[in-house]
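Multiple structures are listed underneath, in structure tokens.
After this come two complexes, each holding chain A, first together with chain B and then together with chain C.
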Partner chain A sequence: MSTRVPQGVSAEVFEDAKARMRAVVGRRWVIDEESQGLASYYDIYSPASEMTTAPSAAVAPANVEELQRVVVIAHELGIPLWTTSAGKNYAYGGPAPREAGMVVLDLKRMNRVLEVDTESAYAVVEPGVSYFQLYEHLQKNKIPLWIDCAAPGWGSVLGNASERGVGYTPYGDHWMMQCGLEVMLADGTLFRTGMGAMENSNTWNLFKYGYGPYLDGIFSQSNFGIITKMGIWLMPEPPGHMPFMITLPREDDLHMATDILRPLKINMVIPNGVLTPDLIWESATKVPRSKYYTGKGPMPDSARKKMAKDLDMGQWNVIAGLYGPQPIIDANWGVIRDAFAKIPGAKFYTGDDRPGDVSWEYRKKLMRGEPNLTEFNLMNWVGGGGHVNFSPISPTTGDDAVKQYEMIRSRAHEYGFDYMGEFAVGWREMHHIFMLMFNRTDEAETKRAYELFSLLIDEAAAEGYGEYRTNLHYMDHIAKTYGYNDDALWKLHRRIKRALDPKGILSPGKQGIWPLES
Partner chain B sequence: MVTRRTFLQGAAATGAGATLVAEPTLAGWLEAGGPVVAVVDQRVGSGRQFSEALRSQGIAALADEHDPAIVLARLAEEFAPGGYTVIGLTQMATFLIAERTGMDNGLNLAWRGDHRLLPNGQLQHRLRGRAETMSALALDRAGDSWAYSLGQHLVAARLPGGAEEQSITTAVARPRQQTGSLVSWVLVPRA
Partner chain C sequence: MSTRVPQGVSAEVFEDAKARMRAVVGRRWVIDEESQGLASYYDIYSPASEMTTAPSAAVAPANVEELQRVVVIAHELGIPLWTTSAGKNYAYGGPAPREAGMVVLDLKRMNRVLEVDTESAYAVVEPGVSYFQLYEHLQKNKIPLWIDCAAPGWGSVLGNASERGVGYTPYGDHWMMQCGLEVMLADGTLFRTGMGAMENSNTWNLFKYGYGPYLDGIFSQSNFGIITKMGIWLMPEPPGHMPFMITLPREDDLHMATDILRPLKINMVIPNGVLTPDLIWESATKVPRSKYYTGKGPMPDSARKKMAKDLDMGQWNVIAGLYGPQPIIDANWGVIRDAFAKIPGAKFYTGDDRPGDVSWEYRKKLMRGEPNLTEFNLMNWVGGGGHVNFSPISPTTGDDAVKQYEMIRSRAHEYGFDYMGEFAVGWREMHHIFMLMFNRTDEAETKRAYELFSLLIDEAAAEGYGEYRTNLHYMDHIAKTYGYNDDALWKLHRRIKRALDPKGILSPGKQGIWPLES
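So, the complex of A and B:
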């Protein structure tokens, strides 16, 4: 009998639930402490012990019918299910649940590419379809459509979109490019959103809004339902493409670069998500920190300067792409060059420039939708495995960029960590991603990382900055920073939760939405 | 002779932290006809040494490249899921990805050693395993050729098992040819 059980569930009920689930999905696909492999659901990267979020079991249905039967059993017996798709949500908690003892509902076996419409340029996928898989499907079938992937290609098209994750082609806002969901509720009810609610719809994946209230959004970053299918728009292979990088020599160039980027983005001169990674982020996929500095605390300026010179990197590096017919690319590139030439010392690179530069190679791949795992090499910087992303949203202004950068960098340095960050410019705002790298085999360092992250949440909130997404351990904390008018929004979330999932079995605590709180 | 079955049972017990049924070793697995493959960061001197030690024992190494996905895709192509054992000396990223992918494909982590460069310029070996395995490795005396020694001994070593696991930390002078920290690891099939 397992020693770990979901909170509030007796050992007998839990054994009964597992036995009944095994009868549905097969012995092998209910994994608990007694079987092998439960450790693959542990979060071994966050700044807290993996035991604080270790599941009691995982159940992996193969299709919607099995899923429905599993959900009905969980509903009847009050078993909390934590939904994952590919379960590669690293930097934010991986496949682990919010709380120890919950059961991971692992949908990676539901991994069919159900449809690709070459003419209207979309695909319909199940939760377990990874970026690698969808890419290979298109390649194998010679379909001239691009995917847009997050940096780690092993992630799930659906899981990442449901987290409102980002990619690097013009289709980089994944939730925006989602069109048409199939969702299961906590009692097993299955429905389709938008046009998919018609019995014989032929536009489910073409028109997002359908008729009546538009519901898709409430199933993203949420625990109101389980998404079982999703339509995703794919970008037709463009007639031309030109990736570019502009290196900027000084730290304070961030200000001017951001102000230059805002109109270029808003006017769609640059169509994809522009990135402005700092020196360390852009170098860390190429060299370990110890090549330049083995001392304690943040890397000193002298070492930074040497690294920038050796690797020919800027203190900031603007990375983006242009797409379309060549004359349009040429015209837009002229506008961009003129704008950035105002920054003294800016250097311009395109396409095949910088041969052998590993980070430039993977950036180029991502900007044409080729999945890879090169960015994981960021873990080699410190080499201790620990990482967690602090991801506040910022207006696209030089003042805000510099304010956030200085705020985070000075705290990171105070706690003994390097600042490794990038700004991803979207339609009107920037996602600022600070990747906090720490040596997880060092307990004191791990504790410091945990504390630093908490402090950053409060300090950012005090300045009006909120995070777009977060790690399991900070979901409640961040939810509290969205407290306008006496927590009105989170109170509403809880009301919806109680209405849709009164027993609170689906992903309890996701984004700070706990079922039974008022 | 160690059969594939006893090896798998032993390795399985290791993963679950239960009493060992057999004493799985990579040499035993090789003897049982099970494929063993190595993934090694050959961009650094220690990696090249490790590869050499494995090669002398009949184990070929795939070169870990900048994109860890490439080596993993090759592994997936060459061997049926779960039917092989993988030994590695890589940087952290490749280890993390191999370990997670291995777990998804029926493998368990049976060995992990962290070989970290310390702020004072020393190299620290932090190993989890049986005391006798670790003293056989003699990394504290191996100095600059620690990776060769590790490669040689790890193949014959009994993989760690449950209660007898220990953690040993030794620090030695920084090897001349190494700039980054490395991780040694072994993934074995679950029963």
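So, the complex of A and C:
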């Protein structure tokens, strides 16, 4: 009998639940402490012990019918189910649940590409479909559509979109490209959103809004239901495309670069999200830190300068792409070049420039929708596996970029860590991603990482910057920073949660939404 | 004492409610049967008596604080409030409530432009701000940003977006361009969505999604809350723009035109929504029907042909625009011309072609965000004022366009009405708008119009076409066509409605959501 059980559930009820779920999905698809493989659901990258979020079991239904029967059992017995699918989500908590003892609901076996419409350019996928799988499906069938993937190619198309992740082509706002959901509620009810609510609809995956309230958004970054199918728009292969990188030699070039980018993005001169990784992020996929510095604390300037020179990198590196017929690419590239030429020392690279540059190669793949795993090379920077992403949103201005950069860098250095970050400019806002890398085998360093992250949340909030997504351990903390008018929004989230899942069995605590709080 | 009261409310309670509301907003801002002006809230254009939806009163608070006190009174006393603001919404029911006796909550006095950010290109508006007002605000302050307006310039920026109306520039998907809401619930609770839930947020109107479930959509076409503020993205004035019209001589050119448009729209060669009005729609702003035909029943082919020749119009007329630097406009226009040149007899017009053409003039204004009221000339086509829009969504294919056109036209003719319609191609779908014009002073004709509309709903649904929006009288009927899995979606809507508005006081019955049904 397992020693670990969900909170508030007796060992007997839990054994009963597992037995009944095994009768639905088959013995091997209910994994617990006594089976092989439960550790694959642990979060072994966060700055906290993996046991604080270790599940008691995982259950993996093969299809919607099995899922429904599993959910009904969980609902009846009060078993908390934490949903995950393909991918690892390392920097935000892996597949682990919010709280130790919860049961992971793993949808990886529901992995059919249900439809691809070449003419209207969309696919319908189940939760377990990975970027690799969808890409291969299109390649194998010679369908001239591109996917837009997250950096980790093993990620779930549906899962990443529903967490509002972003990608690298002009279709990089994954949630915006989603069209049409099928969702299961905690009591097993199944419904379809938008036009899909019409029995024989021919526009479920063509028109997002349908008739009446537009619900899809409430099932993103949410624990209100389980998404079982999603339509996702795909980009027709363009007649041409041109990736580019502009290296900027000085740290304070960030200010001017950001102000240059704002109008280029708002006016869609640059159609995809513009990434501006710093020197360390963009070097860390190519070399380990130890090649340039083996001391304690953040890498000193002298070592940074040498690395920049050796690798021909900027302190900031502006990366984006152009897409379309050649005359349009040429016209836009002229505007972009003229704008960045104002930054002294800016160097311009396109397409086949920089042969053999590992980071440029995988960036180019991402910008043409070719999934890969190269960004995981970052893990070799310090070694020891620990990493967690701090991801505030800010206005796209030089002032904001520099303020955030200085705030985070100086705290990171104070706590003994490198600043490894990138800015991703969307349409009117920037995501700033600070990747906090630490040696998880060093207990003191891990503790410092945990504390630094908490401090950054509060300091960012004090300046009006909020995070768009976070690791399990900070979900409650960040929810509290969204406290306008006496926590009015989170009170509303909980009110909806109780209406849709009164027993609170679906992903309790996700994004700080605990069902039973008022 | 008023004779008309809300359902289930006694005359005494109603008088008490009005008295208490008058104490909040001032005497003149609670209008009832005994005051002047209640008739301005009647729906005098629908194919049903205006008395079937005549309100018992209207209340117009001046600001959020007054609104909150009014809502709290209504909540306490169980008074149903039907929200409206600026504009008339003629083809969908005017400002009238779903059911006779409800109280209109008129937000027209809450009409401040709260903020315009020139650099990040957005505005924050209250519900009563009209397109005219926002346009004039930008003009007066020499702010180089465009609005995107609905055809009626007196409409509410916030109201149209929250009903998911569409416009004519590249920012024509109004709900997509919305960013950040402030909403009041039925109990007076006020909250802000997205990044606005952070006390001192600097990105409320820059980043739509925030952290946690993305709620905004559930307050569109909805009765879950009252939107009190909205951020709306504005388009930076482009360096150039070129409106164009392509007239197509034959009815069956619709098939080829639609298949030509699909890839041009999906690939964003054409950045704004493409309208394809038929001959009658595009002529009716210029001439009355009686100039060409005074008989009964639909206009015969011979008269249509003569009118097309006189006015130099096509049977279909493809209207859209290009925006940006000249080389990009030129490149895209080349692609478009080559594509449409395959249709024999297609004629191409741009910019200053067609001097003196009334419809071309207002179309050009709409495509550069200049609000006007010219489209109301359509009302002169048959006279007698009655009109109602039937608005199904379909895939963007020639087969679907022709199938819908033939289905609706033949039924319209059978019932004795002209087909007056347009197709609006968005990204991957088309809105088809059939404007049913009838003489409302003719009782039999009005009755036939009512019946025709009902029949069209059922016949469209049988083929998988659903409406995106509708007139008061058809809200329930259309909701029932979205009945997948035993009405699962509408059951969910009602579940959310009861959680957020348990007494059911906000716009009961809107889009078929009646609070007290299970």
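Throughout what follows, the second predicted complex is superposed on the first by the 517 of 518 C-alpha atoms of A that agree within 3 Å, B and C clash if a C-alpha of one lies under 4 Å from a C-alpha of the other, contacts with A are read in each partner's own complex, and residues count from 1 in each chain.
What we mean here is this: a contact is a pair of C-beta atoms (placed from the backbone, for glycine too) under 8 Å apart; a residue touches a chain by one contact, two chains touch by 3 or more.
What you see is a predicted model, and the numbers here were worked out from it, not measured in a lab.
**Q** For A:Phe219, using the defined touch cut-off, is the partner it touches chain B, chain C, both, or neither? Pick first, second, both or neither.
**A** The answer is second: A:Phe219 touches chain C but not chain B.
**Q** Of the two partners chain B and chain C, which one touches more residues belonging to chain A?
**A** Chain A has more residues touched by C than by the other partner.
**Q** Once the structures are superposed on A, label A:Ser10 by its partner contacts, choosing first (chain B), second (chain C), both or neither.
**A** Touch partners of A:Ser10: none, neither chain B nor chain C.
**Q** Let me test your reading of the model: by the given contact rule, A:Asn372 touches which partner, first (chain B), second (chain C), both or neither?
**A** first
**Q** So, does A:Ser290 touch the first partner chain B, the second partner chain C, both, or neither?
**A** The answer is first: A:Ser290 touches chain B but not chain C.
**Q** So in the superposed three-chain picture, is A:Ala39 touching just chain B, just chain C, both, or none of them (first/second/both/neither)?
**A** After superposition on chain A, A:Ala39 lies in contact with chain B alone.
**Q** Which holds for A:Pro325: it touches chain B only (first), chain C only (second), both, or neither?
**A** In the superposition, A:Pro325 touches chain C alone.
**Q** Based on the A-chain superposition described above, do chain B and chain C contact any of the same residues on chain A, and if so which?
**A** The overlap between the chain B and chain C interfaces on chain A is empty, containing no residue.
**Q** Going by the contact rule at the top, pick out the chain B residues touching chain A in the complex.
**A** 12, 15-16, 66-69, 72, 91-93, 96-97, 100-101, 103-104, 106, 108, 114, 116-121, 126, 179-182, 190-191
**Q** What does chain C use to touch chain A in their complex?
**A** Chain C reaches chain A through residues 119-122, 164, 175-176, 179, 185, 189-193, 195-203, 206-207, 209-222, 224, 233, 236, 238, 262-263, 266-267, 325, 327-328, 330-332, 335, 393-397, 400, 426-429, 461-470, 478-479, 481-485, 488-493, 495-496, 498-500, 511-513.
**Q** Which of the residues in chain A end up touching chain B in this complex?
**A** Residues 36-37, 39-40, 45, 88, 108, 132, 153-154, 285, 287-288, 290-291, 294-296, 358, 361-362, 371-374, 376-380, 383-385, 439, 441 of chain A touch chain B in their complex.
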